[in-house]
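What follows is one structure encoded as C-alpha cells, with my remarks underneath.
Each chain carries a letter (A, B, C and D) given by its place in the written order, and its residues are counted from 1.
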Amino acid sequence: DQPLLVIAGPCQLESLDHAQMIAGVMAEACKAAGAQYVFKASYDKANRTSLKGKRGMGMEAGLEVLAAIRAMGIPVLTDIHDADQARAAAQMVDVIQIPAFLCRQTDLLIAAGETGAVINIKKGQFLAPWDMANVADKVASTGNEKILLTERGVSFGYNALVADMRSLPTMVKTGYPVIMDATHSVQQPGGLGGATGGQREFAPVMARCAVSIGIAGVFIETHQDPDNSPSDGPNMVHLHQMPALVASLMDFDRLAKANPLRV
Amino acid sequence: DQPLLVIAGPCQLESLDHAQMIAGVMAEACKAAGAQYVFKASYDKANRTSLKGKRGMGMEAGLEVLAAIRAMGIPVLTDIHDADQARAAAQMVDVIQIPAFLCRQTDLLIAAGETGAVINIKKGQFLAPWDMANVADKVASTGNEKILLTERGVSFGYNALVADMRSLPTMVKTGYPVIMDATHSVQQPGGLGGATGGQREFAPVMARCAVSIGIAGVFIETHQDPDNSPSDGPNMVHLHQMPALVASLMDFDRLAKANPLRV
Amino acid sequence: DQPLLVIAGPCQLESLDHAQMIAGVMAEACKAAGAQYVFKASYDKANRTSLKGKRGMGMEAGLEVLAAIRAMGIPVLTDIHDADQARAAAQMVDVIQIPAFLCRQTDLLIAAGETGAVINIKKGQFLAPWDMANVADKVASTGNEKILLTERGVSFGYNALVADMRSLPTMVKTGYPVIMDATHSVQQPGGLGGATGGQREFAPVMARCAVSIGIAGVFIETHQDPDNSPSDGPNMVHLHQMPALVASLMDFDRLAKANPLRV
Amino acid sequence: DQPLLVIAGPCQLESLDHAQMIAGVMAEACKAAGAQYVFKASYDKANRTSLKGKRGMGMEAGLEVLAAIRAMGIPVLTDIHDADQARAAAQMVDVIQIPAFLCRQTDLLIAAGETGAVINIKKGQFLAPWDMANVADKVASTGNEKILLTERGVSFGYNALVADMRSLPTMVKTGYPVIMDATHSVQQPGGLGGATGGQREFAPVMARCAVSIGIAGVFIETHQDPDNSPSDGPNMVHLHQMPALVASLMDFDRLAKANPLRV
C-alpha cells in the first residue's frame, strides 16, 4: 500500500502564475504530510451548464502551462473531451482524465488508452459502480492497464448527487486503484439555474470517509478565492485549508492502511 | 396544434433493405393513422455498455442508407457523436439528434446548430427538465431555433431510470416542441451486466401517458425481431405491433389536443 | 370495466358545512360526467411535518361528519392511524384507507381487513410497486379481498417524489383495482421547511396520464381555497376546477377502457 | 467528546439465553475496546415485508428478557410501534427507539418522549436529514431532550437504499447526538421478493466512514448465525467479527475526535 495520492488543483487553468502558485502550495503540503501529489487543472470546460460559463484558456495554451508545472517536478493531470485531443495531451501530461459525462464514449476511451498515459476515468453520474468494469475494459483493450477509477457522486433526484461509499470497495474489485473525488460529489448540478451549485463544506467529509476505508487517492479542487473563480466555485476548497486537510487525511490514510477492510 | 410526430425506426442501421422495410411499414402505419413520420436509425452506437456490443455500419455507409430512405419521401433523423460529424450528417438527414450523455457538450451542440438542421436534444439521464433551457440556448445561440427536446428517463438508483411526466410540460415552457422517448425511458442501463436491459412492455405505457397530456411527438424504436437485434433489443417494440400502437396513440393525440392541459 | 372512480375531498375535515359543500359539488360533478364518486377527508393528520401543523377535528367528531355525508347517499373514505381505530371507523365509512407511511404495519392492515370494509392501501414512498403484493396479502389474510392499491409517488432524492407510471400496470397484476393519487404524488415532502410543499399545477397531469392507461380510479384532494387550507394546500386542486377536470378525465377514461393496454 | 457508543444486538429477541450470550460477547468486546455499549433487540417486528416473516416473542415476554439483560448491568434499547407501548417499555429499557417508518407519527413520538427515557429516532427512508429537526421537536415538546437521531439510509430507486454521509453532520446541527445504523443502511428492502435482502459485507464500511467523521455512536445488528436468524439475516454482522470491528472502530473514533471536522 502506497501513501495516499492527492490529485488537486484549480477547476480550470487561469494563468501560468496561478497554476504555479497553487501547484507550489499543494506540492509542499503533500510533501510535508507524506502524500503523493498530482496537479490537476482543465484547459477547457467543454460542458458548462450554460453558454455564459467561462470555458478556459484552450488546449494549446493550457498544455503549455501544464508542461511548465511538470517542469517543476510535479506530475500533471488534465481532462480531454475528444479523441483528437488524446495524443497532444499525452505529450504534456502524466494522467489523462475522462470526464464523467463521457465515460462511455468508446472512441475517447480507446484513443486515451492508446497514448500509454495513465487514464483516470470518472464514473458517470448515471452509472452503477459495477458498470465501471465494462468501461475500464474499453481502455484495457488497448493494452494499457494504467487505469484509475474515480467516484464523483451519482444522480439523486434533480439537481443533486449523493456519494455512495459502497462504490469505492465495489470498484476496487476491478483491480484498479480507486480515487474519491470529494469536490464534484458535493456539486449541485444546475442548482444555481445558470450554473452548478455546491456544498464546499462537505468536501472534507467525503474525503475523510473515503480515506478511512482505504483508497488509493483523493481528488480535490482548490482555489485561493473560490467564490471568484471561473467555475465550480461553490464546491472548491479554499487553498489555505488544504495543508491541514491533507495532513489530517494522511493520519486517516495511515490508520486505514494498517487496518484494511475486506469487502 | 399539429398531429403527433412519430419518430421511429431500428436502434441501429443494419442494411439498406432492412431500413427500407421498417421505414415502409412505419410510413404506411403513420399515414393510415394520420400521424407525421420521421425515420430514425443510428449509424454508430458510440457509447455501448461494453466493447462487445456491435457499433453499427459507420457514418459513411450509414448516411447513404439514410439518404436512400429520404429518397422515399420520408424525413430522416440520426444522432451524431462528435462536432466533426455535424456537417456531413446535415447533408443527408433532416433532424440531427444529440445523444443524452452528450447533451451538455457545448461544441457538439453548436456544431449541430450551425448546420441549420432541426436539432433533437435528448435530455441527459442526469439532468432536471428545467436545465434543458440552458442546453437549448447553446443551440439557439447559433441562430438555429429549430429545436426539439426529448425526455428519455432520469436516473433512479442504479441500473434504472424513471420517466417523470412532469418533465414534459416543464420543457414545453421553453417554447420548443417536446418529444417523449418511450423506448429509452424503459431501459435498464447496464442491467444485463455486459449490456443494457429493458422493459419493452412498458413502452406503450410511456407513449400513451405522454400523448394524453398533449405533446409534439413520440420516439419509439422498433424492430421486426427485437430479441435478435444488435442493440436495445430488450426495449424495442415489435414492428408488427406498431400500426395498432400508432393508431391508438392518434386517438389519444386528438383527444388531448382538443382538451389542452395548461400547467 | 366500470367508469372511473373519483375519490375526492378536502385533505382534512374542517366542519360539517364545509364537508357537505365539497361533497355536494363533487357528487354533482361526478354524476354529470358519469364518474363514480367517493368523498374523502381525514379526521386526524397524525404525521404532520411539524407540531405546528393542524391535526384536525379528531376521530369522534370527524366520524360524525363522515356519517352525515354518507347520509347524503355518498360513499365515504377516511384514513386510520392505529389498529384501535379500525372498528369505529368501519361503522361510519365505506372505505378505510391505510396511510403510505404505515403501509407495512401488519397489525393495522389486519385490523382494517377484519372490519370487512373496503381497504385502500397507499403505497409507501419507500416501496417498489411489486412489493405491494406482500402488503395486500396481509389484508387478504383476513379473508377480506376488497382491496384498492394507490400510487402516490416514490422518494426521488430529498424533499421530492416522482410518480412512476409503470407502477400502475405493475400493481394491476395483483388483481386488485389500482388508484392514482394525483395530489400526493406532486407533494414536495418537507419542502417548505416546517411544512410540505407541492405542485398543484401538475395534479391534472398525473391524473390524466394515469387515466389514459386505464385505471380504476383517481384520488384528488380539493378545496375551495387551498392556499388557506389547514394542510396540503400547495397540492390541492381548486374546487372550482374540479367539474371540468372530472369531465375531461371521463373522456380519457372512456377512450382508455375502449383501448385496453396489455402489459 | 465521549467514546463511541455501540448499540448492538440481534435484530429480534429469540430467547433469554440467546440475548444473554450476545449481550455478554458485546459487552466484553466494547469494554476491551473502550467503547460504550447498549444492547439492542426487538420484541416485535411489526412491519415485516410479508406475513410469512417471524414477528418475535411479543412485548410482555420480550421486556422480561430485556430486563434480565439490564440486570447484567448493560443498558438496553428496544423499539416500540404504538403509543400504548411507551410506558411499559420505559419501565424496562433505557432507550426507546422509534422505527424509521413511524418517525413522523406524532402521537408515538410524544408518548415516547413523555416517558422520560432516552429516545432514539430512526430517520425515515423518505426523509431529508434536515427534516429531522421537526421530528425531534415533537419529542422535545414533552420537555424530554434526551434524543438520539439515527441515519439508516434513504430510498434510492426501488429495493435499494443509499447512506448519505452528509446526513450525519447535518443532523449534528440539531444539537442531538447522531448515530449511524450500519446494518439497516445496507438493507435491500423487499429485495428478496418476500423478504428484505442486504449487503452485510458493507456494514463495516458504513460504520467506519461514519466514525471517521466523528459521531456519537454506531448501531450494528449482529448474530452468531445470521443466515439462519429470523429477520435481517442478510445484513447482520457475524458475532465473531464484532470484537475486531469494535476495536478497529475505536481507533478511528479516537483519531476522529482528536481531529474534529467542522461543517
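One rule holds for everything that comes next: contacts are C-beta pairs under 8 Å (C-beta built on N, C-alpha and C of every residue); 3 or more make two chains touch, one makes a residue touch a chain.
Given the structure is predicted, the values throughout are model-derived calculations rather than measurements.
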Item to complete: Report which of A-D and A-C is connected by more C-beta pairs in contact.
Response: A-D
Worksheet item: Which angle of rotation, from 0 to 180°, maps the CA atoms of subunit A onto the equivalent atoms of subunit B, to the nearest 5?
Response: 180
Discussion item. With centres defined as the mean C-alpha position, give me the subunit A-subunit B separation in Å.
Written reply: 33
Fill in: Distance between chain centroids, defined by C-alpha means - subunit A, subunit C (Å)
48
Worksheet item: Where the CA atoms of subunit A average out and where those of subunit D average out, how many Å apart are those spots?
Response: 36
Fill in: Per-residue multi-chain contacts in subunit B, two or more chains
154, 156, 158, 162
Item to complete: Take each protein chain as a node, join two nodes whenever their chains touch, and name the resulting shape: line, ring, star, complete or other.
Response: complete
Fill in: subunit C-facing residues of subunit B, complex
154, 156, 162-166, 168-169, 186, 199, 201-202, 204-206, 208-213, 248, 251-252, 255-256, 259, 261, 263
Discussion item. Help me check something: in the complex, which residues belonging to subunit D touch subunit B?
Written reply: 156-158, 160, 162
Item to complete: Using the touch definition up top, name the residues of subunit A that touch subunit B in the complex.
Response: 46-51, 55, 81-83, 101-102, 104-107, 124-131, 134, 137-138, 141, 154-155, 158-159, 189-190, 194
